[in-house]
Amino acid sequence: MKIGFIGLGHMGNPMVRNLLKQGHSLKVYDVVPDLVKKVVGDKCEAAASVAEAGKGVEVVITMLPSSPHVRNVYGDRNGLLASIAPGTFLIDSSTIDPLTSREVAMDARAKDCHMVDAPVSGGVAGAEAATLTFMVGGEAKDFETAKPILQAMGKNIVHCGGIGNGQVAKICNNMMLAIEMIATSEGMTLAAKLGMDPKVFASIVNTSSGRCWSSDTYNPYPGVLENVPSSRNYTGGFGADLMLKDLTLVTEAAKSAKHPVMLGAIAQQIYQKHSIDGNGGKDFSSVILQYLKL
Amino acid sequence: MKIGFIGLGHMGNPMVRNLLKQGHSLKVYDVVPDLVKKVVGDKCEAAASVAEAGKGVEVVITMLPSSPHVRNVYGDRNGLLASIAPGTFLIDSSTIDPLTSREVAMDARAKDCHMVDAPVSGGVAGAEAATLTFMVGGEAKDFETAKPILQAMGKNIVHCGGIGNGQVAKICNNMMLAIEMIATSEGMTLAAKLGMDPKVFASIVNTSSGRCWSSDTYNPYPGVLENVPSSRNYTGGFGADLMLKDLTLVTEAAKSAKHPVMLGAIAQQIYQKHSIDGNGGKDFSSVILQYLKL
Amino acid sequence: MKIGFIGLGHMGNPMVRNLLKQGHSLKVYDVVPDLVKKVVGDKCEAAASVAEAGKGVEVVITMLPSSPHVRNVYGDRNGLLASIAPGTFLIDSSTIDPLTSREVAMDARAKDCHMVDAPVSGGVAGAEAATLTFMVGGEAKDFETAKPILQAMGKNIVHCGGIGNGQVAKICNNMMLAIEMIATSEGMTLAAKLGMDPKVFASIVNTSSGRCWSSDTYNPYPGVLENVPSSRNYTGGFGADLMLKDLTLVTEAAKSAKHPVMLGAIAQQIYQKHSIDGNGGKDFSSVILQYLKL
Amino acid sequence: MKIGFIGLGHMGNPMVRNLLKQGHSLKVYDVVPDLVKKVVGDKCEAAASVAEAGKGVEVVITMLPSSPHVRNVYGDRNGLLASIAPGTFLIDSSTIDPLTSREVAMDARAKDCHMVDAPVSGGVAGAEAATLTFMVGGEAKDFETAKPILQAMGKNIVHCGGIGNGQVAKICNNMMLAIEMIATSEGMTLAAKLGMDPKVFASIVNTSSGRCWSSDTYNPYPGVLENVPSSRNYTGGFGADLMLKDLTLVTEAAKSAKHPVMLGAIAQQIYQKHSIDGNGGKDFSSVILQYLKL
């Protein structure tokens, strides 16, 4: 297929490479020319602008850092929707707030374009290995259209319901993850301080009612699991500042919906503090350092 | 074996019955005479006092509601330790604070008695079915002594390290559980309010990084899982006021250890509010009602 | 002076009347025609549009409900800045986020217009009595220009520093106020539950280190002070949903600034819960009902 | 009068000196003999034990660090109540939990002794200058008995109602104080980060609805007020660890009363974190350092 791709950062770059591997032809754009240069080549043409990237293609995929970027790329006077051909299929893989996803999709429908939101989990490593999970929001028919394209870049392609629900699934899951990571940090460090061996405590929790992904697969206490960020000084993994971004999104979405999320709001504050303490670049499991002196 | 058993409430009663089934002889005591009458019979003799229950037996098991009760039963002028024969083996299955466990065990050693703390999980149903989990704190040798006795009443007998660590394991696990239950409540209700089907959201979380026992085994959102309290109006299960008791224990223990547990403290407050709102007798997953109007 | 006034709601209406009393001539606009009809009359002309309200006047005052409204009224293609005469002086009395204030003021400068932000406190009663407090952000010279105009509507006209600082002062003050109101609610209800007479406790706090405006001037415990909302079933005063709006603004501003505000975030959650419990229309001191059964 | 005095630490020592200045005769005791030596002299006799300090005196005053100390000094087999003469008047100036105050007073009544609880505020400086505030719980008649004695050591002698209410008043006031100090810290640092001059912000808050003792009399932001701990690197004043002790007492009392205190619980956690970060010895206004890099 002929695909436009906008946003060539840490995630977009390997996603483009995987699309090329599957034989697609691409027109690519980024505001930073150097990022474009890194991927142009055989079957991968540089577009001079956002509008240009959307012309003469069947599908456009966007991978952008925030809601305002998505609004601008799609909605500006020089944006995608102003010039796109009716019937072009749109996939936004940015992680943004669900309301923006829904508004942009509505604007797209006014131009006779179908759209899905398809945020990812799996990070840069998943993007490179084409093992990303895509959480897709959109009509059933549109999900079927998107699925084979996304399979070039990911392994799990999950339908979450109507447009915007990909975002809802991602940010609500990540809110739970953040809270559970802090819960695990508090439980592990308190058990250790009260005299238990952290490995023994983890093994008990992991066969009991306190178990969670943060305790059994990604334990933040150094030395409990191998091959996780806590065993290599919190390098690699999913950055604390990225978690903070998702917590900010989800608490804003909760405010818009007038829904209380007490622990979510406090997790956002704890990650905020963790970030200004200088830990934003470390893996998000490093939040245990708020409780543990190494 | 000849076993003394003190504390014949909802848990103690079926535990005594299971010990009898395995052929042990018992001397039993409770401050409430009616509770004693319910179990006395063949090979199960009523003791007239705490001290009496500890005489002429090889082992004493206690199952009491709180730390002050444990202090009194063991430490009083008319308590167990004042009259017990050296060498009597002591098992305390109460859920209390680890410091009390350690102090009482130290007093027991001064009388040449070995002691383990062995709090349980599994509730009344587990006590009746002899499928309790015992989290045992004590020396390795003492754990080996306790194990066959506890197997008459439970299925998983876990060694958690030195004396008091049974309590540490239980209350730290339950703190994580309480936080994760609230995290699941916030995530499920927010996803639903933002437009997702709760079952679809649960299925995504449960194969993703937000999964935890509260989401995949005991989901608090009505209709997501069958045969859990949320599917029967939060009856049965583990009472919210029992969770509140454990949260109070763990936050006190954290204060004694001068260790911060921000989310643990807030979970304690949320369950406190839930209780004064009149929900203390419901299953603890009913905390979702703080976020959901049914 | 000839003044344009946009936004004629509960606050704007009495502000317009007070400007007229001081002899100013007005051109007024609101999207709701009925609100316009309520004020037009001698020296008070209806404008047919936002742009119209800004023509042929020396000053424009805006009193709008939120940041997006302010962006639209000033920034739209048909907005104020597109048609305004250079040199027109602009006063925005809306309570919005400081970043928006600063951006709009920058756009205004590009049209050779000076602007101040001047959010108010004092509520509808203050607007009617011309006793509002105006917290003014802008250059010293612009503050001097604004001051006599604002004095027609208020009593305290305070210079808070550069543009946007009026908003900063208001939302940071109100965050402190919300936290202190909850602190007072917790202190008063706990003291009462522990056996103290609420009036005696209040009198002790109010001469001690726990005193605050919420305890000595606006006590939320019924019967402690006369002539405050708590003495009349929380009617009148400053609505809980308005406080929630300010808490939402301030926590967003904190996120933009990457600054932690733990208690501010929790206060936002508590007011959010209070609102969905059905109390949004009551005075904000009714938050004590989260702790007190009346 | 002939007065027994038990507890000769930082507070007890100057309190004893002030009683002597007013012409009273004392019998003094402390477990640390050196502390006794510091005060013995003319009209101030050393007692060999707690029991001894209570013999041949009309009044006993105790000034002890915690509830268990109070229980031991009064309740032990060798304690005050075991040997005291009926009719001896008892004043406990320790800050402890109200339940303990009430229990000890009940035990005292069984020995025909009247008792008041009379915790203080004002710190070491107030003790030295005889300007302490005494918050007194007890019957009206007992308050009248205590008042002239306490006036030798303090300036404000406040009757708070029945026995235990002195404690309630103190710990509930201090909970409000702690929350308000953190509220002021969040408000001041956020306003500064958003671009306001801290002095200007403080002056606005202090004439507005956000004002509190922490903002207008003891502002934690360096340079806003003179002669407060924040102007001298948080030395002197009321130690953060003493505030932590009071927050621990009040949150325990709330748990016993089954009363939620969400912000109180979080303030306790924030001071806990502040303490393990190494700031326990600084003035409690140093909690602003959790938000401010100096």
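The letters A, B, C and D name the chains in turn, as written, and every chain counts its residues from 1.
FYI, a contact is a pair of C-beta atoms (placed from the backbone, for glycine too) under 8 Å apart; a residue touches a chain by one contact, two chains touch by 3 or more.
Molecules present, by chain and UniProt name: A, B, C, D = 3-hydroxyisobutyrate dehydrogenase.
As the structure is a computational prediction, the values presented were derived from the model and not from experiment.
Peer 1: I want to compare two interfaces, A-C and A-B. Which one has more contacting C-beta pairs?
Peer 2: If we tally the contacting C-beta pairs, A-B comes out ahead.
Peer 1: Which chain's C-alpha centroid is most distant from that of chain D?
Peer 2: A
Peer 1: Go ahead and note the Å separation of the Cα centroids belonging to chain A and chain C.
Peer 2: A distance of 37 Å separates the two centres.
Peer 1: What whole-Å value do you get for the distance between chain A and chain B if each is reduced to the mean of its CA atoms?
Peer 2: The computed centroid separation for chain A versus chain B comes out at 40 Å.
Peer 1: Please list all residues of chain C that touch 2 or more other chains.
Peer 2: 254, 259-262, 266, 273 - these are the residues of chain C that touch more than one other chain.
Peer 1: Under the touch definition given earlier, write down the residues of chain C that touch chain D in their complex.
Peer 2: 98, 121, 133, 135, 156, 158, 160-162, 164-165, 168-169, 172-177, 179-180, 182-184, 186-187, 189-191, 193-197, 200-201, 204-205, 207-215, 217-218, 250, 253-254, 257, 259-264, 266-267, 270, 291
Peer 1: Sort out for me which residues of chain A touch chain C in the complex.
Peer 2: Per the stated touch rule, the residues are 248, 251-252, 254-255, 258-262, 265-266, 268-269, 272-273, 275-276.
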